[in-house]
Amino acid sequence: MNEVSSMINVAIIGAGKIAAVHAAAIRRSPNARLTWITNRTIEKATALAGPEVKVSTDAHEAITAPDVDAVIITTITGTHIEYILAAVEAGKAVLCEKPVDLDLPRAQACLRQVEEMSGRVQIGFNRRYDPTVLELHDRIDAGEIGNLEQLTLVSRDELPPPLEYVPLSGGIFKDMMIHELDLARFFLGPITSIHAVGQNVVDPRVKALGDFDAAVAVLKAESGAVATIINDRRCVYGWDQRIEAFGSLGSLTMNNQRATSVTSSHATSTNALGRVLTNNTDRYGLAFERQIEGFIASVSTGSDLTPSIRDGVEALELAEAATLQAHADLA
Amino acid sequence: MNEVSSMINVAIIGAGKIAAVHAAAIRRSPNARLTWITNRTIEKATALAGPEVKVSTDAHEAITAPDVDAVIITTITGTHIEYILAAVEAGKAVLCEKPVDLDLPRAQACLRQVEEMSGRVQIGFNRRYDPTVLELHDRIDAGEIGNLEQLTLVSRDELPPPLEYVPLSGGIFKDMMIHELDLARFFLGPITSIHAVGQNVVDPRVKALGDFDAAVAVLKAESGAVATIINDRRCVYGWDQRIEAFGSLGSLTMNNQRATSVTSSHATSTNALGRVLTNNTDRYGLAFERQIEGFIASVSTGSDLTPSIRDGVEALELAEAATLQAHADLA
Amino acid sequence: MNEVSSMINVAIIGAGKIAAVHAAAIRRSPNARLTWITNRTIEKATALAGPEVKVSTDAHEAITAPDVDAVIITTITGTHIEYILAAVEAGKAVLCEKPVDLDLPRAQACLRQVEEMSGRVQIGFNRRYDPTVLELHDRIDAGEIGNLEQLTLVSRDELPPPLEYVPLSGGIFKDMMIHELDLARFFLGPITSIHAVGQNVVDPRVKALGDFDAAVAVLKAESGAVATIINDRRCVYGWDQRIEAFGSLGSLTMNNQRATSVTSSHATSTNALGRVLTNNTDRYGLAFERQIEGFIASVSTGSDLTPSIRDGVEALELAEAATLQAHADLA
Amino acid sequence: MNEVSSMINVAIIGAGKIAAVHAAAIRRSPNARLTWITNRTIEKATALAGPEVKVSTDAHEAITAPDVDAVIITTITGTHIEYILAAVEAGKAVLCEKPVDLDLPRAQACLRQVEEMSGRVQIGFNRRYDPTVLELHDRIDAGEIGNLEQLTLVSRDELPPPLEYVPLSGGIFKDMMIHELDLARFFLGPITSIHAVGQNVVDPRVKALGDFDAAVAVLKAESGAVATIINDRRCVYGWDQRIEAFGSLGSLTMNNQRATSVTSSHATSTNALGRVLTNNTDRYGLAFERQIEGFIASVSTGSDLTPSIRDGVEALELAEAATLQAHADLA
C-alpha cells in the first residue's frame, strides 16, 4: 500500500447496489475515506460518488491512483481477476466480491500470482462478519459446546434468480452454496471430502439450462466433523438462513430473523412469528458494515485480510467438486 | 379414618365427568380401592362403578360405610358442606371439589366446624398438582429466581359457560378466578389486599345477569410481592393458561401447551405453534391424577391434606372481596 | 413556523446523550438541517455540532433565530416549560422530551397556554414510533384481533437509577411508568380509571426516599378494555419490554429483542436465547430515528404532531393519580 | 387368523421392557385381550402376565394356541424370522419389533416366504404412529406445504448404548438410523439412492469395534425430493428427535418435546426450555399405544397392516447400502 497513513483511501470499482452499501459503510468509518468510484457508465459512478469523490470509467485509473490505498471490486465476476491482479501489482490491498472467478483453473492461477506477489486480497464472504455467525464462532471457539461434531447449514432463497442469470451464474453450487461452503470451512477448517446432490423442484426451465434449483451436500472435515448444507432457490416464508452447530457439550443455533418481534395467536395457530427477513442488506446489513470495518482495520494495521483469496479459491474448489459430482450422478 | 390399612378404600359422591376422571385415577393407584359410587340417578353410578363397586343413591350410605376410608365429593356446589361435615363426623378423610360453597359465611362456618372436629379435608384445586405448576413452585423454593417479586397469572377460557349456568356460578371471581386466587396464595403466601376490575366484553346477556365476563385483579402479599390475575371468558386460540414468576435473579414461566410439537411456516407467518389445549382433562390430566395420588398418600401416611379446606375458604374470601369491589366500582 | 421551505432547520437545546441521538437522525434526514445546538457548557455543544452548526450557551438565542423552524428540547425536566413556551411564542414547532413537567398543575397550565397560542408541540414518547409497537397498533387497527379487550404492558429496567436521581425523578410513576401510561392511551384511547400498587423490593434506600422500586397499575378504558402495567426497577436478564394485546379474535404480542438470533442447548436447558437488549438506543434506536422523521415530516406538511403535548399532560395526570393512590394505600 | 371375533386374542413373545409397554396397551384396548406371554425365563413372563394370562417358555406353544389371533414378537433380533414364519404358517397376524433381521438376504428371503403365504406382518416402526409425526404426515398429504422438496431428520441419542451391545447391533445404520430411513420412506415414498457418511466422535472403542457413533445420510426419492438424516450417539440435552419438512408452500417442523412447559430467564440466557425428553416411552408413549391400537384395528377389520414387513425389509436395504458405503469410504 502506498504511504500508510491513519486514514485509508479507498476506491470502489463498480457502482451497483452492493457498491452503494460499501460506500455508505466507508462514509461511516472514521478510518477510511472514499476517494474514487469507477463504472462503465459514468452517471452511476457520479450519482454514488457525491461531490468530493473522483469518478472514472476506467477502473485502472483508480486502481493505480496515488490517493488509493485499498480497492473494493464489485463488478461482474468475469472482471474480478483482472482488477485483483492490477491492484496487487500496484501494491494496493483488495476486497473483491465472491466468487474469484467461475473457472476454477483461472482462479487457482490468480491465487498463485497473488501469493507470488505477496498480494493482500480479501474475498467478500460477508457472512463471516455477521454478528450472529460470529457469536456462534466465538462461543464454539471458547469451548461452550465441546468438540464440534455436526454442522447443519440451511440457506433457501426467497425467489429464484431471473432465468437469464442462470447461464451466467456458474450453477447453484458456485453461485449460492459457495457461501455455505465457505462457512463450513470457517467453522470446521480443512474439508477432506464432499458429496453433493442436485434437485430440480422449482422451475423446469432451470433444468433445461443444465442447472439445479435445490441441492444438498455433505462434507467431511479433517477434524472428523461433518457439515450438511441444504439449499433451495425458493422459500415462501422468506430468506431461510440458519446454522446449527452440534457438539459434545451442546448445540448453538443461528435462527432466522424478522423485522419486528411480534408474535400472533389466532383460532388455528399460536405464537406465530412474522416472515423472515428477505433482503440481503436487511439480514446482513451489519455484516456488510463490519466486513468493511474489518477490511479497513486490517489494511491499517497490516494484519491478515480474512477471508483471504485462498479461502475464496478453496470454497470454489468445493463448489466445483460438488457441481461435477451432482451432474455425474444424473448421467 | 377407620382402621388405616395399606389400602385406602374410597367412595366417590357423584358420578359425573370429574367423578370418572377420579375413578380412573383410583383404579391406577396401587394404594387405593374404589368401593362406593353414589349418584341421584343410580344408572350413572352403576355405569361408572363396574362390577366390583357398590352403588347407592344415598351419599350418606357410602360416607358412613365401614369399607370407606376416604370420600371424594364431586356433586354440585350446594351439597358440598353437607357431605363434608357428614364425612368428617364419620371420621373419613375428604377430597371436595372447589368451591366449598358460594356463600362465604356458610363456608367459614363449615371451616370452623371441620377444625373443631380436627377433620381432614382437601379442596380440589388440582392445578397445585400440575407438573408444570409444581416445577415452577419447586424451582422458586430452591431459590432459582431469588426473591419472588411479581407473579402474573393469565387464565382465559376457550368459550363462556352456558348462559343458564351464570346465575348459579357465583360470578366470575368465585367460579373462574378462584383457581388463580388459590395459586396466588400457593406461590406468595398470605395476601393482604386485593383490587379487582370487572369487564363485560364477551356477551351482553352476562352483564344483564349481573356478572362479568372478563376481570383483572391485583393482589398484594405480606411478603411484598404483587400478583396480577387476568381472566377472560373467551379465547379463540384455546384455553390460555400461563404463569410468570419474576424475581430478583430471573423469571420462570409456565407457557401454554399443545397436543403436538408441530410448528409451521407459510407465506405470511413463521414458526407457528398449534392451538392451545382446550380440554380440562387434556391440559390438567396429570394434575388430576397426581392430586388423587397426593390425597391417597396423605390419607395413608396421615400427613396434612393440601390444599386444605382452610385454603379453600381463604381463596373464597379473596373472591368475595373481589366481587364486592368490582361491583361497587360500577355503582 | 418561519418561512416553511422543503428543508426544515432544526435547533437542539441541550447537548447530552439523547441530543446526540437526535442530531444523528437529523443528519440522516434528507428533509432537515441541523442549524443550532445550545448547551450551558459550550464545549459539549461544539463537540456535537461539528463545523457547520451554530452553537450558543443561550437556548433562547437559538429558539428565536431566523434559521430555526423547529426546536428539539432535551434539557432537564425543570426547563421544559420555559423553552416550550418560548418556542411556541416564536412560532416554532417543538419536540420536547418527556415529561412536560413533574408538577401537574404547571404542566396543565403550559398546555392551556400552548393551545391558546395554537402552538405545535410533540412530546418525546418515542416508543410510539418503534416498528414493533407500530406493527401491533396497525394490526389491531386493521381488526386482526377483533375487539381489543385486555392489554398487558411489562417494563422492567435492567438496573435501578442512581440513588441521587430518585428525589429528582418525580417517582416511579412519572419517571418510568409514564411510558406505559402513554402506550395504554395510544392503544386504548381515553382512560376512565386507574388503580396503582407500589412495591419496595429492590433497594430499601428508595423506600426511605419515599419512592417505590416496582409497581403495578390497572387501567380501565372508556372502550371497556383494561390495561395492566407491570414495572420493576431491576431485571437481571436485561431490559424487559413486552406488550400483549388480547382481543376477541386473537392476540398480538411484542416480545423482547436480542442482539443476535443465537439459541443454545446444554445439559440442563435448551433453546435458550441470549440476554435481552438493555440499552435504550439499542432497543429503541429505530424508534428514535423514526420519531425524528415523523416530527420533520409533520413540520414540513403542517400535519398534527403526535404524540402531542396534550398526550404528555394526560399521561402525567394518570401518573399523578397513580402516585397519590399508591402512597395513600400505604398510609 | 383363527375365528375372527370382535375381541382379538393376543400373545406376546418375550417379556422385556417393550413387552410390558405393549401389554399395558392391550389391557387398555377395548378390542383386544392378552391371552399368552412367553419368555425363556418363566418368572418374567409370569410377572408380566398377571393371573388371567397363560405363560410358557415355548414361544411356539403360544403362537399355535387356538386362543391366539395375533402375535407380538419382542424377542432378540436373531429370533424374529423364526417366530414370524411360525406365526404366519399358523395363520396369525404378526407385529414384530424392528429390524426383521440384521442379515439382509435372510430378511429378504423371509419377506418372500411371508408374501407367498399371504402372511400379515407389521413391523414395529412405532414412530409412524406418533401424533406429532402423524400430524406432519397428514398436513403434508393435505397439501399444506405444496410439493415436499426437502426433508431433514435429526435423531441423536442421549447416551451411546453399552459397548458390549455394539457388536450385536448391526451397526449404527441398521440399529439407529433405520428409524429415520423408514420415516424417509414414509414421507417421501420410494428412495432411488442413498449416500452415507460415518463418523467416530464419541467413543474410540466403537471405532475399534468397526462401528460408527455418528452418521449423516442423504437420500434421493423418486419424487425428486431429498431427505437428509443426521444421527449422533450422544446428546447432552436429551434425546434429539426432530423433523423438518420443507415444500413449495412452506414448512412443517416436529420440534423436541419436554416434560413441562416451563421456560426460564436468568442473567446470561433467556426463555430457556428444559431438557428434552430422553426416555423412549416418555417421548413415544402415545406412539406405542396407538401402534397397538392400529395393529388391533387392522387385525379386526382385515385391513392392511402398516408399516408392513416389506417396509421393514426396504428400510433394511437402505441401511445395508449406507453401511457398505460408509465403510468403503474409509478404505
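A few points about this structure:
As written, the chain order gives the labels A, B, C and D, with residue 1 at the start of each chain.
Here is the rule we use: a residue touches a chain if its C-beta (ideal position, glycine included) is under 8 Å from a C-beta of that chain, and two chains touch if they have at least 3 such contacts.
Computed from a prediction, not measured in an experiment: that's the story for all the values here.
Contact with chain A and chain B alike is made by C, D. For chain C, the chain with the farthest CA centroid is D. Averaged Cα coordinates give chain C a centre that lies 59 Å from the centre of chain D.
The centroid of the Cα atoms in chain B and the matching centroid in chain C are 43 Å apart.
In whole angstrom, the spacing between the mean C-alpha positions of chain A and chain C is 40.
Of all residues in chain D, those that touch two or more other chains are 236-237, 249-251, 256, 264-267, 271, 274. Residue ranges on chain B touching chain D, taken from their complex, read 131-132, 135-136, 139, 144-145, 249-257, 259-267, 271, 274.
The part of chain B that touches chain A in the complex is made up of residues 236-238, 256, 258, 264-276.
The residues of chain D lying in touch with chain A in their complex are 147, 149-150, 152, 154, 156, 193, 195, 197, 199-202, 214, 216, 218, 220, 224-226, 228, 230, 232, 234-237, 246, 248-251, 329.
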